[in-house]
Amino acid sequence: MQVNEIEKKEYTPLIVAFCCNWCSYAGADLAGSSRLNYPANVKIIRVPCSCRVNPLFILRAFQRGADGVIMCGCHPGDCHYSTGNYYARRRMTLLFSMLDYLGIERARTRVEWVSAAEGAKFAAVMNEFAETINRLGENRKLRDLRCEK
Amino acid sequence: MREIKELLVQKINELLDNGTVDRVAGWKAGEFCYDAAPAVFTKENIDELLYNGFCGANQSKFLVNAATTENRILALLKPCDTYSYNQLVKEHRVDPSRVYALGIPCTGMVDVNKIKALGITGITGIEEDGENLKIATIYGDASCKKCDVLLERCMVCKGKNHVAGDEMLIPDEEAPETPSCADRMAEVARLEAMTEEERFNFWREQLSKCIRCNACRNACPACTCRTCVFDNAKSGLAAKVNNTDFEENMFHIIRAFHVAGRCTDCGECSRVCPQNIPLHLLNRKFIKDINEFYGEFQAGADTTTKGPLTSFTKEDCEPSIVMERGE
Amino acid sequence: MAVDKETILRISGVNPRQCMKCGKCSGTCPAYNEMEYHPHQFVSMVENGNLEPLLKSESLYLCLSCMACVQRCPRQVAPGKLVEAVRLAVVRQQNMDHLVPDQIPAMLDPELPQQAIVSAFRKYKK
Amino acid sequence: MQKIGVFVCWCGSNIAATVDVAAVVEALKKQPGVVYATDYQYMCSASGQNLIKDAIKEYGLTGVVVCSCSPRMHEATFRKTVQAAGLNPYMLEIANIREQCSWIHKDIKEGTEKAIILGAAAIAKVQLNAPLYSQTSPVVKRALVIGGGIAGIQTALDIADAGFEVDIVEKKPTIGGKMSQLDKTFPTLDCAACILTPKMVDAGAHEKINLYTYCEVEKVEGFVGNFSVTIKQKPRYIDATKCTGCGACVEKCPSKKTPNEFNMGLDNRTAIYIPFAQAVPKLAVIDKDACIHFKNGKCGLCVRTCEAGAINYDQTEEFITREYGAIVVATGFNQIKPTNFDEYLYNQSKDVVTSLEFERIMNAAGPTKGHLVRPSNGKQPKNIVFVQCVGSRGTSCRDKSYCSKICCMYTAKHAMLVKDHHPEIDVTVFYIDVRTPGKNFDEFYRRAVEQYGVHYIKGMVGKVEEADGTLKVQASDLLDNRQILMDADMVVLAAAIEPDPTARSIATMLTASMDTNDFFTEAHAKLRPVESPTAGIFLSGVCQGPKDIPETVAQASAAAAKVIGLLAKDHLLCNACVAHSDETLCNGCSQCANVCAYGAITYEDRLVMDKGVRETRRVAVVNEAICQGCGACTVTCPSGAMDLRGFANNQIMAEVDAICK
């Protein structure tokens, strides 16, 4: 197959998922080894811990054309680094609230706690989130027009 | 105010003469009397010191660079300035051993734009007269109701008590009462009650006015980074101008986030904004959320408590609370 | 008869594949000895698509609908609902040729268990 | 600009079936910085790794991207590969195109497109990679074992025999665990006490083993090689240094009405008690809730009786803090109380017992001195029914979803022991499946059937009723296609086993992950079954999943071997992906130190050259041996001075950009 055959047809939403290395990324791996489907437009970025996710990264993703951003980490209390996700939880709560305040669709951002054993939950969450973003359609409010091709 | 000014001059001279301090951080008139701006004085030019209803500028930030010498500098701190001062001490940005913090009373600072909006121009002086202000202009005297022309910060005054200071000019109990004539969160709540689309349009209209002059950043006592991320080429964020709508949003979201949990709500950002963008509403949104989600918190109330973003409880609400709040 | 497995599964909402063939349903069934096909057989036969014998069997009407099998099934398969669904499939095929509530006598044998009356409705009321 | 090589793995058909690997190679060749790209069937094989090594040398590669399985699987493998070819191991990035691409997508076009994007993101990241070097940290040469059952004892003995100090923390007053309650063990029928108690004595007497019985883990801090654990010693109200374990106090104690835990509440014990005759350490303990002295300040009989003067009512909780290099979890299991299963009459009839209760009834040291009698009337039963899979393998809220694994075998054992002692008793076992994978296990079960004549009936018991002093058991015989209604004098329920309820809080303290059933998760289901994903935490016994005694002991020794391997090192190579602070940007605000869970950040006054000015500034300094690399500090830092090596701000943003292209 030729690569240039692979071209974007109609609009498919793009979802960036920040996953902590210890729980959620492993949960995504388990979803994979259990062959649980979720949309290909979900792209995972591995971070050591949910507390590594800088609000900058989330804004950057929207700027460059993401339509939804989800952050996944260990369940509160189960953080590999003991307390990382507690900080992440506060940061994301406030950031998402701020985006909502600025009139950005609140459903475009989400936090889910997915353990290494929850492959099924990971797939279910991604399917559901992708559906939500599909319904919302393209992100226009937080996109940088220069990044449009 | 006049008596206070006299007391103040007397105290400053005493401190300069007995060698407690060798400089004074205060306010100096600009081209116009209402242009009062922070300035550092020595024994030589101390008579230029101004303290009147236009001295709204928050002194504390300037101590970051001014309080670096062996000799102490005298800082004149209004009650609300002490919150910013505490926050800076907490973050080791100001060394309190190099400052002599003198708490001075305040009965509310005025917003000259609000006076001008009443049609009063050519202002040459201002004096308090109970609930009213007597304003001297080149066209003669005028007057207006004080609470109509107060700075946003003073409308929701934190009170007459100082939370820091080596000495008080007059004890807080004996200080005149401060004004407080508005609900701090009313405007935030009004925006929250809007539809998503209305909010988006509101902020687009406001933020699109931004000319990226960086005045908000330069005046903000919480923005004291040695090198701001927006000036640091390596940060991936550096930009001198807002090229797109996104960058307008981005600059203000990140700025508000960087001061979240540290902002004392001093309102300098809005006061100095030449485009009159209500930037304090961004900070107040964070403050309102923090108070609602994690319990009442006032940044700068002391110099030890960890901020809401550098602490947590295991029972904190989940981010989904944002989704669950009614539209 | 044109009753297929999918119809039964749809009516009952039961997934017979969850069955681990422990037989607790039949172990618990009070009407076991009356029935030609027992609850666990219903599950297995529906799963195998072997519906003909069930549709014709008297067993359909001997189930008391006591739902003990539903309550005790460790796999939440609910065999009782399957019996019910097969019964309904038959009833629906009979083109309304079944009892309506009015036809149930006003006076009933006081010894008749309440459950049987409810069962009668389940069986014959569309 | 890096010179990057891209290596796309087929993983046999695992990747190649849903991803057009050739197309991925072609597309990634065009990415900036890529000088070489190829594909191969199994990149992780020796020849695949050689392919990478050769290419590094031939093309002078400075960065490597492997598009393959999850980095959790083979990142370490490929790091070694590139290191062997002279590159810094951190100049490697993995694009996960198996677990997160080929395995979840069916459409080859979709899979290929995603694989290219994932590859491009890895290339964008590796562009910004820099060589990283690990610090080392010293290893505390002592291990902690949490739980003193057979798993904990075996682990501790093996570690101690290798010459390392081991502490066992046991929450009960004695070590021994569940195995001490058992009568005989399958498949050899040797007596549990005969094989366990020597090990208990060994553990108690071993010069390298320290027992903390009647203790609980209170707090865990630190990291692999350097844990600091606070242990709570609950008050026994007995001076352990004086008590001789003579038991005179137990004889005299007037409070005799407390259900005896060791006998599953089938008889009573006194307020001051020794759990059982072979307890280690053999010390009395006072149950404060039952003791008359603690109720009204009177009594004091034990004080008067004790010649050693060991009773001390004034004891209080004590806290001990010790350092450990490794921690082994051996928290074990409990059998569920089938109180939710009304159909079996467990709550109503004394003659319906769980198998662990039956174990005590059969035990010569048990409440009936080993006489098999009905708990209701003390008479010998004529027929006994065993019910398997009670509460296991179910999907409802009262069931465990898993197979408890040991029930088939111990039920065969019980049936056989009953028949052995009393051939006249009729024994029936109702089963769903008889699961006997294990050495000599199926032979054991066949002996029960063929030699002892135990009736095995396929079919679950539907209900048990009580009438005229006997139990009526109703069940179906699925093979004979008939319903059975039979009399039984006793019904024994093979109730499910579940992890000990304290395990959850221990997991939280250790930051070790658990599955939805509260069993500890292993680092890899097949290849690292005795390690937790949290470094330095090891798993021993049923806390990881149901297992029988031989398996438990095998896993216990395996965990010990892992611990010994760790403690044998003087230093550990630390995580190289650590935080570091740019001192020219640092404001010295201390916010990063506030969020660091490890105390790895300190502040120093340093001479800093910034914007042409040289001045002394208070700046953050990261202790790289302590930093675990979570990144909490990096987000807290407003100026961006704090960044994380290996997951730097610009690297993550480069990935975002590549994905969002």
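Residue numbering begins at 1 within each chain, and the chains themselves are lettered A, B, C and D in the order written.
Throughout what follows, a contact is a pair of C-beta atoms (placed from the backbone, for glycine too) under 8 Å apart; a residue touches a chain by one contact, two chains touch by 3 or more.
Because the structure is predicted, anything quoted here is derived from the model rather than measured.
Each step here moves to a touching chain, and the least such steps from chain B to chain D number 1. In terms of C-beta pairs in contact, the better-connected of the chain pairs C-D and A-B is A-B.
Most remote from chain A, judged by the distance between CA-atom centroids, is C.
Between the Cα centres of chain C and chain D there is a gap of 45 Å. Separating the centre of chain B from that of chain C, both taken as means of CA atoms, is a distance of 76 Å.
If you average the Cα atoms of chain A and of chain B, the two centres end up 37 Å apart.
Remark: chain A and chain C have CA centroids separated by 47 Å (rounded to whole angstrom). Shared interface positions of chain C, i.e. residues touching 2 or more other chains, are not present. Among the residues of chain A, those touching two or more other chains are numbered 55-56, 60, 77, 83, 87, 91.
Contact with two or more other chains is made by residues 595, 636, 649, 653 of chain D.
Listed by label, the pairs of touching chains are A-B, A-D, B-D, C-D. By the touch criterion stated above, chain D contacts chain A in their complex at residues 20, 23, 26-27, 70-73, 96, 98-101, 103-114, 116-118, 121, 507-508, 511, 513-516, 521, 533-534, 577, 595, 597, 628-632, 634-636, 644, 647, 649, 652-653, 655-657, 659-661. Within the complex formed with chain B, the residues of chain D that make contact are 584-591, 594-595, 603, 610, 618, 636, 638-640, 649-650, 653.
Interface residues of chain A, counted against chain D in their complex, comprise 1-3, 5-6, 14, 16, 21-23, 25-26, 28-29, 31-33, 35-38, 40, 43-49, 51-57, 60-61, 64-66, 74, 77-84, 87, 91, 115-118, 123, 147. Of all the residues in chain D, the ones that touch chain C in their complex are 343, 389, 393-396, 399, 430, 432, 458-463, 474-476, 478, 481, 483. Touching chain D in their complex are the following residues of chain B: 90-93, 224-229, 232, 234-236, 258-259, 306-307, 309-311.
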